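Heads up, the next two complexes both have subunit A, just with different partners, subunit B and then subunit C.
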Partner chain A sequence: MLYSVFIFNKFGTCIFHEDYNSGDQRKGVWVPTPKEANKFKLTAGLVHSVKHFILAVAKKEDLADGFFGLQTNSYKLHSFETATGYRMVMLTDTGVSFAEAKQPLREIYSNAFVEFVAKDPSYEHKKLCVITNTAFRDHLLVYLKQLSFFSTPAEELQH
Partner chain B sequence: MAMQGQRRDAMALTRQGERAFEKMEKINAELFVVTYGSLVMQLLQDNSDNVDVVNKELDTIGYNIGVRLIDEYLSKSMTPCKSFKDTAEATAKVGFKMFLGVSAHVHNWSEDGKSYSLILEDNPLTTFAELPDRYSDLWYSNVLCGVIRGALEMVSWKVEVAFVKDQLKGADCTEIRVTLLKQVSEAFRQDDD
Partner chain C sequence: MSASKANILSLWIVNKSGGLVYNRDFLGSKALDTNACLKLAGMFHGMHAISKQLSPNPADCSGIEVLEAEGFKFFCFESASGVKLLCSTEPSFHNAKAFLEGVYKVYADVLKDPFYVIDHSGIGQPIRQDRFDRKLDQLIREWNP
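Take a look at the complex of A and B:
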């Protein structure tokens, strides 16, 4: 089951976040609250630190995709970083394999992000510029809903 | 042996460029070229024929395009560039092909490997254009320099890009020189405000 999606820019700012399957329906444009801001900073810092930890520790030959996920008992974090420094992060339950999340993360980048954010003239690659484009949010939701693991809890997924 | 490897890489990139070009949405070339021409003319009018200002404006416009184009380029072509040299070949064979429909050649590498030229035998932007004498200092396609600069900056290569020769001015080919200034490391920092 997909819990949420984060997108961070290269400055570590969370430019997009959405919770799914949590019961509340957010309306309108996404505006981060101060309470959420801390959570985003922590997540950004975590992804950044783990990535650099891996770079420092791993042997060069083993480093194919770099950091693509971490797992705890109750959830999994899947991450994909573009060459432009954008990080697409998904939080799911433990039923979703890392391999299965790879392609969706890339598709979020190429279908939703590139089309609705990179090409949006009102979005700028600046430190504090967040995604306010509702078309992006809607398109992303449509895409995510058709993923097999979107709302299927871990127990029901075949692995 | 090294030469054969290089030729294989070049062919692989060319094929990648063609594949990426096929995936792109197409628009009518004449419409694009004529729109660009009108943009340049309008800029000249708005700036009272001040060619230096227009050159800079075209570069800025190109920069704003380039920072957006790079994500589309990355998502449609899987070319991992590990070195500056890789970015040169990728820009010429894949980038140019994807967005302009024509590929360029990389020539004249400097000794320190920090500078190269992109040669375009055919520049679609200048298809219907003629440069009158009073605009002889105008680099008509300067937008291309901005695009390359913006795109490379987003993948952490800070470069200086400028026209050297333009077929529109009677030269035998169109040449753009790209010079590496520095490689920018990750900009991640926590804002404390």
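Take a look at the complex of A and C:
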């Protein structure tokens, strides 16, 4: 089951976030509350630290997109970083394998992000510019809903 | 359950304050120096704590258990006392939990040494016991054929 999606830019700012399957429906333009902003910073910081940890353990200078994800007993975090420094992060329950989430993360980037954000003339690749485009959010929701693991809880997925 | 051709590459033991008390490389050639390991152990300790906060229910979260990267996998087993046993493995390795539980049993023997201090205001005493190394050698032979 998919819990949420985050998109971070290369400065570490969270430019998009949405929770799914949580029962609440957000309406209108996305404006993060201070409590949410804290959670975004934690997520951005965690992913950033893990990436550096992996680089150090692997003894490499630069790993294009070396970090696939991490798992705990209650959730899994899947990550995909583009060459331009944008990072797509998905939080799911433990039923979704890392291999299964790879392609969706890339498609979120190529089908939704590039089409509706990068090509949007009002979006700038600057530090504090967040995604305010509702077309992006709607298109992303349509894409995510057709994924096999979108709302299937872990017990029902065959692994 | 068999490890077949998969290998365990290295093992770290971190005490509950985040200090590295033991590190060992099993394949020799890729050894990291001790200072780097100390730093990374501390980093991991912090990451582990933060990962609990991102959970849908933080009170019940075990923290990072598996880290998957290109070229290797990293496993963490946290005991009830807060000691973390970490190991890196080949990417094809499925689950190192059984191995880490085996290490934990060997580690419990170390604690029986009356001169071994687990935690002295945050600084862990490094484990330097031949018996521990020998028992680990025995264990690792079962996992790295």
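The definition used in the following text is that the second predicted complex is superposed on the first by the 152 of 159 C-alpha atoms of A that agree within 3 Å, B and C clash if a C-alpha of one lies under 4 Å from a C-alpha of the other, contacts with A are read in each partner's own complex, and residues count from 1 in each chain.
Following the convention adopted for this analysis, a contact is a pair of C-beta atoms (placed from the backbone, for glycine too) under 8 Å apart; a residue touches a chain by one contact, two chains touch by 3 or more.
It should be emphasised that the depicted structure is a prediction, and the values quoted were computed from it without experimental measurement.
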item	value
Contacts of A:I54 with subunit B and subunit C, given as first, second, both or neither	second
Touched partner set for A:S74, first subunit B, second subunit C, both or neither	second
Larger contact residue set on subunit A - subunit B or subunit C	C
First, second, both or neither for A:G66, with subunit B first and subunit C second	second
Contacts of A:A118 with subunit B and subunit C, given as first, second, both or neither	first
A:M1 touches, of subunit B and subunit C: first, second, both or neither?	neither
First (subunit B), second (subunit C), both or neither touched by A:S110	first
First (subunit B), second (subunit C), both or neither touched by A:G45	both
Touching partner for A:F11 - first (subunit B), second (subunit C), both, neither	first
Common ground on subunit A, meaning residues reached by subunit C in one complex and by subunit B in the other	45
Of all residues in subunit A, those that touch subunit C in their complex	3, 39, 42-43, 45-46, 49-50, 52-54, 56-59, 63, 65-75, 77, 91, 98
In the complex with subunit A, residue positions of subunit B that touch it	67-68, 70-72, 74-76, 80-81, 154-156, 186-191
Complex contact set, residues of subunit C against subunit A	30, 32, 36, 39-40, 43-44, 46-47, 50-57, 60-72, 74, 88
Residue ranges of subunit A touching subunit B (in the complex, touch as defined)	10-13, 41, 44-45, 48, 82-86, 106, 109-110, 113-114, 118-119, 125, 127-128
